[in-house]
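For reference, the structures are reproduced in the following blocks.
Shared between the two complexes below is chain A, which pairs with chain B and chain C, respectively.
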Partner chain A sequence: MIYDVAVIGMGLAGMSAALSASEMGATAALIGSGPGTLNLASGCIDVMAYPPNQDNLPVDDPIAAVRQVASEFSEHPYAILGDKAVAKTLSWISAHTAAGGWPLSSDLSKNHRVLTAVGRFKITCLVPESYLAGIDLPLYKPLLILGISGLRDFSAPMLAEVLQMKGYKVRSTVLQGIPVGFQGHSLGVSRFFSESGIKQLGLQIRGFVRPGEIVGIPPILPPMPDIQYFRELQKVAGVEVFEIPTLPPSLPGIRLSKALRARCVSSGVELWEGVHALSMEESGGKIGSLLLAAGPNQRKLQAKTFVMATGSYLSGGIRVKGDTVIEPIFDLPINQKERMPLFSTSFLSSSGHNAGKLGVGVDSSLRPLGKNGRPAWENLFAAGDILAGHDPLAERCGGGVAASSGRIAGMNAAVAAGKGKKS
Partner chain B sequence: MKAIRLVPSAPEPVADIMFDPCVKCTICMEACPVARVTDSFPGPKMAGPDAQRFRGRFEQSTDNWIELCSSCRSCQTVCPSNVPIADINILAKARHRMQTGSSMATAILSHAHLVAKFGASFAPIANKSMRSKAIRLFAEKLFGVSAHAPLPSFASKKFSSEIKNRIISNDRDGLTVVYFHGCYTENNRPDLGLMVIDLLERFGCRVQVPGQNCCGVALVGVGDLKSAYRLAYRNYKKMAHVIENSDYLVFASPSCQLALTAEYTELLHFHKARIFTEKSIDLMSLLEHQIEAKGVQLPSAQKPMKLAYHTACHLKALGIGLPAVRVLRSIEGIDLTVLDAGCCGLAGTFGMKAVNRDISLAIGKAVADRIYELNPDMVVSECEGCRMMIESMTGKPAMHPAEILAALF
Partner chain C sequence: MLRETKLKTDVVIVGGGATGCGIARDLALRGIDALLIEQKDVAYGATGRCHGLLHSGVRYAVSDPHAARECILENQIIGRVAPECVEPVGGMVIELPGDDPSYFLKLLEACRSAGIKTIQITPGEAKALEPAINPKVTRSFLVPDSSIDPFLLCLQNLRAAERHGGRYLLHTKVTGFTISSGKVIGVKFESDDEHGEVQCKLVILAAGGWSKQMAALAGVNIPMELSKGSLIIMNRRFTDRVINRSRLPSDGDLLIPNGPTSIIGTTSIPVPSADGLLIETSEIELLMRQGDVMTPGFEKARSLRAYAGVRPLLAIGGQGREATRGFLVIDHEKTDGISGLISILGGKLTTYRLMAEKTADLAAEKLGSNVKCQTAERPLFEDAILPHYHRSERLSRIHEVEGGLVCECEMVGRKHILEVAHELKGRPDLVDIQHRTRLGMGSCQGGFCAFRALMILVEEGICPPDKVESVLLSFLNLRWKGIMPILRDDMAREEHLNYAIYASLFDLDRAAHQKEDP
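What follows is the complex of A and B.
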């Protein structure tokens, strides 16, 4: 079979591309070696918190920040996408996650401060419903932080102490007797949380809580994308409860990833799991097929158009070979020289490192550029972390770039394959 | 007198797989079906790359929980860093086995090809005994083979004798393919093998079925690499010369395909098996290729059918996409939903052991629940183990995609 669109990468960008291509009526294959870094992330979708070349204060309005970045930095993916497409994508992706059982807040007008397990605040835009009660916490609101004895990813007393130093009215309690599994991580707890366990937890919360308090818990509810578990807990507890993101394995990230995967499967996207894309083969001036490997087994996959959503260093979309950075599948240029020095002198520099901005450059249709500055292939599009010019870690813009570029690349690929109309 | 054929002895299992690329990302921990339902197993990351740090290359693994790895390979399938997690665990099992030996149930079930040979020779008695509750309970007490787990019934005539006098078509234009049928087709469902040959011939393939042995996937799964090596060697001896002169080596069972094309070279270090890897193709991909190449229009289904497709873990491990879904969806009258509900829980012989029965059922619950929710006419899956498990859990008929195709003609 020759697919209309073959998407490489199963993260946020890849799933967005496959979903939007199939919405345009294209047959889509979603190729990957696993669920991507979405599983490891906080389950929020960052849009823009710290625009480049600004002082170290987060911005309030993410879409206005996207507009500003788009006008000032022509190399930034947002300059290609535009703020309207980003805003539209965010509503689109929250509609999809909600249909997959895991609703995100759809308020795009404002960045939110999400409390993390070490007492810092993460600045992000779309947050899962299970975080809502705890976002933008005002100092006057009394808090109860609940820990679980044996859960190693989360210390309620430490978090309470950090918050106290920041001036919050907060106390903590550690619950005993909840099974935490073999290794004491949140995934282990969540798996053995039955429905009756949720009721019991709710009743315990109801017993501990004082009037006026809201309750923060580590993410320990089941790993399925099903918000009903959380709603049930809130109902039984009779107070506002919120989840606090922890280290990987990250339950909210896993739920978001599963919700989108379910949407892909139900829209008819075919999953090619367990494969690593090795290289491509040309056919008539275009990319004709990909060579895929699963262990020693190799297989070719043919498609009319391709979307690379292969991620950055961690996912292997770009690799470091000696002192050069390469793109391993299509051998696209990375423009490393223009970005020297690659590293700032301070490791935790708020402006990030130039190495974080490396990736492939693209034209206005998201087609990666070749060595001569023109699109390398007319039927190849790029999306997500692989795009040059943005630094997801320093700017907190990874989710917005991934979802928006994924959706647009998927649409453009579908159009190039002769399906639907161009946006 | 028959000459005694010497089988070279298998290399000793050495835990020498590189685990350094593991960045501890925890993606495999979420994907492991066993860790999902029991906290007796620490999960693939800790059992594999983490524990490997503390095992010398020739050391025995002292952790009994390694026996709870079902060898479904889900961890290896999802690893973004290309760490052969399942291979590490199987080698650890092999070394653990050298120390503790196998339980009776493990020994019997992993040698199912021998048991089945015997069972098929006495099919009527064997089938009757397997249906008898008392005998199954007795077998559970005596051997540890679960009294409730699904076991396949034996056919009255083996596949190899069914096709003994078969005339190989003389179509010189077609592809020449070698069909590896596996033990299940040989002893339990020869009719399925006949359907496969019929479909291949219908779509322009000359099918040869050389003598063959069990693929050994069950032996690899329990860490009996020496016995598996013997089977690999025999399969090579019996089939290599035929495969050399053929276009493809075709499989209808993903687990057999995985054993011959990946486990022989990667785990058993039987490097001659590269010829299997190079020539292999799964049945549905080959049929799809032939249907497209010949421009055949598949007839529509006789009556509208609602199908649910279950993706076998070993099919995912092959990295071939979902060829059966593509072919079946192209048939008019077939409404097919992909379940995508994870592992069925049987994992070959894992779920047939009485000690693993509860874990197996708990794993399969998600698949069963999704099937109840969809209420399809039939469930479709390439893997014979998955089909047995799904039938026994839900009572829904479970078919190989070839059976659905064959019914069209």
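What follows is the complex of A and C.
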């Protein structure tokens, strides 16, 4: 079979591209070599918190920041996408995750402060419902932080002490006797939470909590995109409860990923999971097919158009070879300037690393550029972290760029394949 | 306000490397009261940044026969008195096409006259013993090289010294000496929370790469030069034996198995100071390429970290690789007219005990003690080994650790961390804990387990909550120095994940009090 659109990458960008292509009536294949980096991320969708060349204060209004970045930085993907398309995409993706069982807040007007396990706040835009009670915490709100004995990636006593130091009214309790599994991470704990386990947890919380308190817990509810578990816990506990993100594996990230995957399946997207895209084959001046590795076997996948949403270093979309960064599947040029060091001497500083902004340049239709500065292939589009000119992590804009560029690239690819109309 | 402290002792030892720790134990066993002062943690300098090779002496047999003889004698003594620190892996010399063919026989002969036992084997036997080596090997022989754990060696010397009445101050800088009519009578020091002076009869400088600047504080110049050596730790063992190239010591011709890892070294570049060492990309490329010559496929393997140390060499005849690996005890009363001051210079980790013995001999003579050195016979581990230091022991007690492991690469549990933290007298330093437990020495290089360990330290009241961000930041930024030079492919992926956690999720890149370790 020849698909209309083949998308490489099962992260936020890839799933957005497959969904939007399929909404345009295109037949779509979604290729993923692994579970996708959403599973490791916070479960939030960052839009823009720290625009480039700004100080350490995060911006309040993410869409206004997108608009500003779009006008000031012509190489930033937001300059191509525009703030209207971004705002539209965020509503669109929220609708999809909600339909997939995992609703996100739909308030685009401001950035939120999400409490994390180290006691600092992640600045982000869309947050899952399971975080909502804990965002933008005011100092006067009494908090109870609940820990699980043996869960090594989360310490309720430490978090309470850090917050106390910052002026919050907070106390902590550590629950004993909950099986955590040998590895003691949150995914291990979540496996032991059946419906009755949640009820039991809710009753325990009800017993501990004092009037007026809200309750923060590590992410331990089941790794399924089903908000009902969480609502049930709040109902039984009789108080507002919120999850506090910590080290991966990330349950909120896994749930978000599964919700979108479920939407892809129900939209008729065909999943090719566990296969690596190795290279492509040309056919009549276009990309004709992808060569895939499935275990020891190789397979070919044919399509009219292709979307690369292959991610950055972590996903293998780009790689460091010596002191050069390469794009391994299509051998596209990377926006690496000569003699510019890839990494800063400080691991963590507000200036980030030059390597973070590297990727492939694209034209206004999101087609990656070749060495001559013109689109490398007329039927290849790019989306997500692999786009040059933005630093998804340092600017906290990865989610917004991924979802928006994914949705637009999927639409453009569908149109190029002769389906629907380009928006 | 800094606390002010006044102390009194007979001998102050400056420097907590192998030599300083060795002197501390040697003096303690002779019943001489001594206090060791170290600017950072034990083994912070060259000791902790060498390749962990207990030389048979083969490396110096041709170029420096005297040092070679010292090496083989000390190799045998340390194997006898401190087997807990030594992995007797053995060594293999391989000749590859292109190596000077006359050198091989010269080397064999030099080993014989230095007393280094050699066993000649055929290339086929060499390949059977070490299947990973270059199959083009032309000639080969075996030597008694071993690998040694420099951290454990220092820690245990210090523990033994303490047991026999010795004292030590870590993370304490020497800021000056009190000299009265040509005699050193006191040492001024300073740490994060205290400053003070220790009254003494004698000062021993065993400060390695920092000796020259320490001596300058006493107005004395000492002849030494610094040579930087860079090394890379790989995430697995390529060979069971130490592999030496059959050629004059050069760059990247030593491959040493060390626990679950291998270390390739080294380079040799003159530097002006022991601080702020940078590792060049060209050094990494050279080491990886040379490693690939000895064990094909090496270049594609995963490296974990790079590090650099300085060799504090005697500036007497020859430079860098040609400089002698011998050592020198200087009595500054004789050379500079300053009494009460001794320096110990040069030498190797392998000969640290002998260096300590000769230095302590001179100190004892000056103090009128006639108790003889005991370190060549007396076992280093008279008491139990550091709790949990050895992997097998950690593994045997894992079931006691609720919730499993804190660091799964090195099998370190909560209890292990706490016992060490208490031994450190409550200083919440993740690097110090790392040295004593191997926490974070595996593939994630502490990316995950450092945060877990920190949570435990806060829970137990060892780290105050207002230090959480600065302790984590300084650990991560320091760790980065070793990782940045080798960031490629898989390591770049791992670091990208770590950056996602600590920057994007924990927002630590925007922490107000960014602090970098100097």
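We take it that the second predicted complex is superposed on the first by the 420 of 423 C-alpha atoms of A that agree within 3 Å, B and C clash if a C-alpha of one lies under 4 Å from a C-alpha of the other, contacts with A are read in each partner's own complex, and residues count from 1 in each chain.
In this section, a contact is a pair of C-beta atoms (placed from the backbone, for glycine too) under 8 Å apart; a residue touches a chain by one contact, two chains touch by 3 or more.
Since the structure is predicted, the reported quantities are computational estimates derived from the model, not experimental observations.
Following the overlay on chain A, a side-by-side fit with no clash is recorded for the pair chain B and chain C. When the shared chain is aligned, no partner comes close enough to touch A:Leu203: not chain B, not chain C. Angle at chain A (Cα centre) between the Cα centres of chain B and chain C in the superposed arrangement: 90°, in steps of 10. In the superposition on chain A, A:Leu278 contacts neither chain B nor chain C.
Of the two partner chains placed by the overlay, only chain C lies in contact with A:Ser350; chain B stays clear of it.
In the superposition on chain A, A:Ala294 contacts chain B only, with no contact to chain C.
Shared-chain residue A:Ala262: touches chain B; no touch with chain C. Of the two partners, chain B and chain C, it is C that touches more residues of chain A.
When the two complexes are overlaid on their common chain A, residue A:Gln183 makes contact with chain B and with chain C alike. Contact with chain B, but none with chain C, is seen for A:Pro223 once the two complexes are overlaid on the shared chain.
In the superposition on chain A, A:Asn39 contacts chain B only, with no contact to chain C. By the touch criterion defined above, A:Glu161 lies against chain C but remains apart from chain B after alignment on the C-alpha atoms of chain A. Nowhere in the superposition do the C-alpha atoms of chain B and chain C come closer than 5 Å.
Common to the chain B and chain C contact sets on chain A are residues 37, 40, 181-183, 248, 314, 316.
Those residues of chain C whose C-beta lies close enough to touch chain A in the complex are 281, 285, 402-406, 408, 414, 448, 451-452, 454-456, 458-459, 465-466, 468-469, 472-473, 476-477, 479-481, 484, 487-489, 492-493, 495-512, 514, 516. Chain A makes touch with chain B in their complex at residues 1, 29, 33-37, 39-40, 179, 181-183, 185, 187-188, 191-192, 223, 248-249, 254, 261-262, 265, 270-276, 292-297, 299, 301, 314-316. By the touch rule above, chain B contacts chain A in their complex via residues 23, 25-27, 29-31, 35-37, 39-43, 46, 76-82, 84, 261-262, 265-266, 274, 277, 280, 288, 292, 316-322, 325-326, 338, 340. By the touch criterion given at the top, residues 37, 40-42, 46, 50, 56, 58, 116-123, 149-155, 157-158, 161-162, 164-165, 180-184, 245, 247-248, 312-314, 316, 319-323, 342-343, 345-350, 352-353, 355-356, 392-394, 396, 398 of chain A touch chain C in their complex.
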